[in-house]
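Before anything else, here's the structure in question.
Read from first to last, the chains carry the letters A, B, C and D; within each, the first residue is number 1.
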Amino acid sequence: MKVLFFARVREQLDCAGLELPWQPAFCELDALQEHLCQKGANWRDVLSQENIIRAVNHSVVDSSCVLTDGDEVAFYPPVTGG
Amino acid sequence: MKVLFFARVREQLDCAGLELPWQPAFCELDALQEHLCQKGANWRDVLSQENIIRAVNHSVVDSSCVLTDGDEVAFYPPVTGG
Amino acid sequence: MQGKRFQVSVQQADFDVSALQRALMQDNHEEGAIASFTGYVRASNARRDLHTMELEHYPGMTENSIRDILAQASGRWPLLNAGVVHRVGALRPGEQIVWVGVASAHREAAFGACEFVMDYLKTRAPFWKRELGEEGAVWVDARESDTERAKRWLEIDE
Amino acid sequence: MQGKRFQVSVQQADFDVSALQRALMQDNHEEGAIASFTGYVRASNARRDLHTMELEHYPGMTENSIRDILAQASGRWPLLNAGVVHRVGALRPGEQIVWVGVASAHREAAFGACEFVMDYLKTRAPFWKRELGEEGAVWVDARESDTERAKRWLEIDE
């Protein structure tokens, strides 16, 4: 499973992305996020920011959702293009 | 005084414009228009059409107005550019 | 901020939208947004197969009325530069007729002013279209919907 | 009528608005109207003198989200063709960032759809701007006014 970070989130984590071997614990987005938060205090701080946007397979999700092996998950701040 | 006709009005009158020597009778737009109507039945028909627009010195006027020697008056149908 | 520039041209020749848009940019790079509109001669028509569109205008008044429309737009929105090019003469389907471009710091003003200028151009500037097709020449009728669109701006004022 | 074509490009290279606009035209000359928007890097900023704007994006999702926005627009308005070009990488003040072009039979649809696409692009497509100036690099904050503008379209639906 691929996890990506963009912009300010990527910079704050000093990490552009991770490849995680699939675990049953990742079957929900909230559970995956909690797993990432356990990587350290900085990870918990950054991923707990209120305005963080989550996308699963290129679609923004408003609440937790079911994940399956091979999904691509991204965490990023509000967009500022255009 | 210069009087101009455009588009359908010009075609219906078969006249693009006239140079009229100034007369005190032309001191009002309505009076000038009545003078033109007296040129023949066709002129009266064409210039009496309801949607005719009148411009004096490049500005559209909604009602009759005072004219002075040297003014440029135009009669034309609703515009269709753009 | 440099002074506002209004470019107005009534011409037979075709035009290049890239060049027109570049001419709206100032050296100090204040522009964040350019909204533009280009009108084209459409091939299809309810009444006939169009082969040529003829555009007549009132020289002198045309340019004055377009400048007046641009001045009104710049009273409503914080514009930097704006331009209008309108072609006259004989045009074929697919050809460009009119271009309106508006530069501003932000897109809200650019979009609003561009649409306002087009609505007013359609109902105020002295241009007339005549369609030449298989059945001869026909003057285009003014559209009631254009008058209604132009009236919106008066309602917004109230 | 030929099928609708959506052209989407995310690229480092600059673009030519004339060429992009020509690519929206079909051979059957159904288009009466093209509305377009071009966004530029502004020089001035509340916080600092900008010397470079860096644009990051989420490859793959960016293109998908833009196509989704165009599909939504074509569900709302009778569009013929539409295109979006968005640059990424390092840009200087005065440079073009984004272009949106919409072709339709009439101007109402072209203007509406062009503004809709820009509003959604600003609030949905995964791009991020970072400003480099004398005081270092700063991520640009999302504007509340952009969120409000995008919400307008939901209110129109109700």
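Assume contacts are C-beta pairs under 8 Å (C-beta built on N, C-alpha and C of every residue); 3 or more make two chains touch, one makes a residue touch a chain.
Bear in mind that the values here come from a model prediction, so they are computed numbers and not experimental data.
Greatest Cα centroid separation from subunit C: this falls to A. Averaged C-alpha coordinates give centres for subunit B and subunit C that are 26 Å from one another. The centroid of the Cα atoms in subunit A and the matching centroid in subunit C are 48 Å apart. Separating the CA-averaged centres of subunit A and subunit B is a span of 73 Å. The multi-chain contact residues of subunit C, meaning those touching 2 or more other chains, are 39, 118.
Across the assembly, subunit A contributes no residue in contact with two or more other chains. The chain pairs satisfying the stated touch condition come to A-D, B-C, C-D. The touching residues of subunit A, counted against subunit D in their complex, run 4, 6-8, 11, 51, 55, 58, 60, 74, 76-82. Contact residues of subunit D toward subunit C in the complex are 16-19, 21, 25, 28-44, 93-94, 105, 107-108, 110-111, 114-115, 118, 149.
Subunit C makes touch with subunit B in their complex at residues 39, 55-58, 60-61, 64-65, 86, 97-98, 118, 121-130, 139-143.
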